[in-house]
C-alpha cells in the first residue's frame, strides 16, 4: 500500500468539469421547467398529496367491504351471457371491418410505396392519425348520437378505433419492407395494384395476420366498455349497476371483464405465436 | 509472504457438474508479471475470476494481502475488491457513459452514496483520471461516449479504470483476445509499463503464448484444470509448451 | 424444389394429397370465418338496430348537419379544461412511472427478488393494469376518492403501469451483464452496481416509453370527464347533455389540437434523448 500511496502523479495539463457551457445549462433549464410544470399542475388541480397515497388503501377497503362478495348469480343470468356474446360479436365485426378498411389506408400512408406522396400520403396519414387521436368512447358517443343506441353505433366506433390502431401498425410494417421486389415489378411495368399484390403483400402477410389478431384483442378490450355509453354489449349492464350503486353486481361484472380480457389476451398471444412460427 | 497464495483450489459450477479447476497451488509475489497460459477450456478464466470471487470457488484457499478471500462477507468482499484492479476481455465498459465517467467508476468503491448519486467525484479523483487518460493516450477522447471508441481505445479506458482504483494487484482476463495482433502488443506493452511504474503485481490469463513470453516474467501453464508448468518465462522450453498444449485438438 | 423432386412415385402422390388437404383446410377456415362474420352482422346490426327510430338518411343527415355548425363562442371556455387534461396526463404518467418501478423489478426474471412469488405477481400486475379499461379504473377511483382531477390521474396512472413496467422489465432482462460485472469488480455496492451498470443501459428505452405513454395518456385524460373526473371530457359531456352539437365538435377539435401539440413535443423530446 505504501508504494502506491507514494506514487507521484504529475498534475494533469488541464482540468475537467462535468459542466458544459450551453448543453448543461439547457438541460438544467429543461429539467427545471418540467419540475415547475409538475408543481404548477399539482397546485392548479388542487391535488392533496396525502389523498394520492391514501387512495390505494381506500380503494382496497371499498373493494373489500362494498364490492364483496361478487353477485355471481347476476352474471350467470341468460340475458347477461347473451350480452357477453354480443360484445364478442361486436369486437369481431368491428375488428374485421377496421382491418379491412385500414389495409388500403395503410398502403396510402406508407411513405415508400404510396400511390402519390403529394395527395394520397397525407390523406392516409390524416385518416389514421384522426382515428387514433379521438378515444373510442368519444367515437361511441358520437355514433350513438347520430345513429341511435345499439350495437350498430358500437360496432362502427370499434371500426374507427381499429382503423387507427391497425392502420398505424400496418403502415409501419409496410415502411419496413424490402424494396427490391417492388422495384423489380415496377420495372416490368406492373400497375400499383399489381405491385401491392405480388411484391408487397407476400412480404407482410404473416405480420399482417399477427397484427389483425392483436387488433381484435385490443378491440375486445374496448368493446367491453362501449356499452357504457350506449353502444351495446355488456358495458350497458356495467352502467346500469354502477348508477344504481349495486356494488356486488359491479364487482361480478368487473371480474367477468377481467377474466374475458385475460382469455382474449392469452388466446391471441397463442395464435400469434403459432402464426409467427409459420413465417 | 506472497501477496497472493492459492492452495488446492477446486471449482465446479454446479454441485454435480464437471470440475473446472482440479486443485491448483501457486503464489504471486510483488514483482511478478505472471501469465497463465494453456489451451482453451483449461480453466484460465475461471481461475482469474475466483481471485476476486466473481466465480465462487468450491474447495481450497485463496489468501490475498493476508486475508482469506473465501471467508469474507459481502462488505469485506467489496473492500477487498476495490484493492484489486481487473481488466476484461470485452472491456466491460458502460457503453452509454462517457470515457471520463467510465474511468471515474473505478473509484466507486471509495465513493459515498450521495456523491455517487450525483456523479460528483472529488477533485483529486478527477485529476487522477485525467492524468491516467493522458498516460494511456486518450486525452482527446475524454468526453466521448465509450461506444464511439475503437477496440484498442476501449481497452485503454479499461486499463485507466483499473488503475483508478490504486490497485495492489491487477487481474487481467484475456485483455487482448478481442484485439488485433498489433494493438494487442501495444496494449500489453502499456500494461507492463504502467504496472512497473505503479509497482503492481499482475496475474494475467492469455492465450497468445508468444505475447506471454515477450511480456511476462513468469509463466504458469495449465491443462484441463491442473498446473503443468510454473517458472520464469526465460526458462520455458519447447517441450514444456508441447506438454501443455498436448491435448489441444486443432 | 426439394419437395417437388420426389424420390419415388409414392412420395409425389403423398405430396399432392397433402397439398390438396391443405387447400381444403384453408377454404374451410375462410368459409367458417365468413359464416361467423355474417352471423355477427345479422345479430348485431340487422337485429339490434332500431331502423325506424333512426329516421332514414334524412334524419341522420339532419343530426350530422348540426354537428358541422361549429359553436365558436365556446372557444374561450376551452382553455382551462384543455390545460387540466394536459396536466392530468402528465401527473398520471409520472405517478404511473413510480408505480411501475416495483412492478418492473418484480417482473424482470433476472433481478426479481423471488422467482416463485414476486415474478408471477409482477407479471400478473402488468396484465391486470392493461386488461382493465381506463373508464373502469376511473369509475373505481371516483368511488374511492370522489369527483375531481385526482381519480382521473389515478386511473391514467394505473392504466400506464402495465405498458411501462412491461417494457422496462424486458429492457432489464436484455441488459449486457459485462459492465455490471465490472462495477462489481471495482467494489461497488448494490446501489452503485444498479446506478452505474444497469441504469445507463436501460434509460433510453424507458424514457422513450414514457414519452410514448404520455402521448397516449393525453388521449385517455380527454375522456376522464365522462365519468366525473374533469378536463375536456367534462365539457364534452355537458355540451352533449345540452344537445349543443356544434359545441361538441369544437371540443373534439380541441382534443385534436391538444394531441397534435403532444405529438410535436414528444417528437422533439424523443430526438433530444436518443
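By letter and in written order, the chains are A, B and C; residue numbering begins at 1 in each of them.
Just so we're on the same page, a residue touches a chain if its C-beta (ideal position, glycine included) is under 8 Å from a C-beta of that chain, and two chains touch if they have at least 3 such contacts.
Everything numeric here is computed off the predicted structure, so don't read it as measured data.
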item: Intersection of the contact lists for subunit B and subunit C; value: A
item: Chain at maximum distance from subunit A, centres defined as averaged CA atoms; value: B
item: Rounded Å distance, subunit A centre to subunit B centre (Cα mean); value: 50
item: Chain centre separation in whole Å, for subunit C relative to subunit A (CA means); value: 3
item: Touching two or more other chains - residue numbers and ranges from subunit B; value: none
item: Contact set on subunit A toward subunit C in their complex; value: 37-38, 40-42, 44-48, 51-52, 54-55, 58-59, 62-63, 86, 89-90, 92-93, 96, 130, 132-135, 137-138, 141-142, 145-152, 154-155, 221-222, 224-225, 228-229, 232, 238, 242, 254, 257-258, 261-262, 265
item: Residues of subunit B defined as touching subunit C within the complex; value: 52, 54, 78-86, 88, 90-97, 101, 105-109, 111, 113, 116-117, 161, 165
item: Interface residues, subunit B side, partner subunit A - complex; value: 100, 119-120, 126-131, 134, 142-143, 166-168, 197-200
item: Touching residues on subunit A, where the partner in the complex is subunit B; value: 1, 3-5, 7, 9-18, 20
item: Interface residues, subunit C side, partner subunit B - complex; value: 176, 178-179, 181-189, 191-192, 195-197, 200-201, 203-204
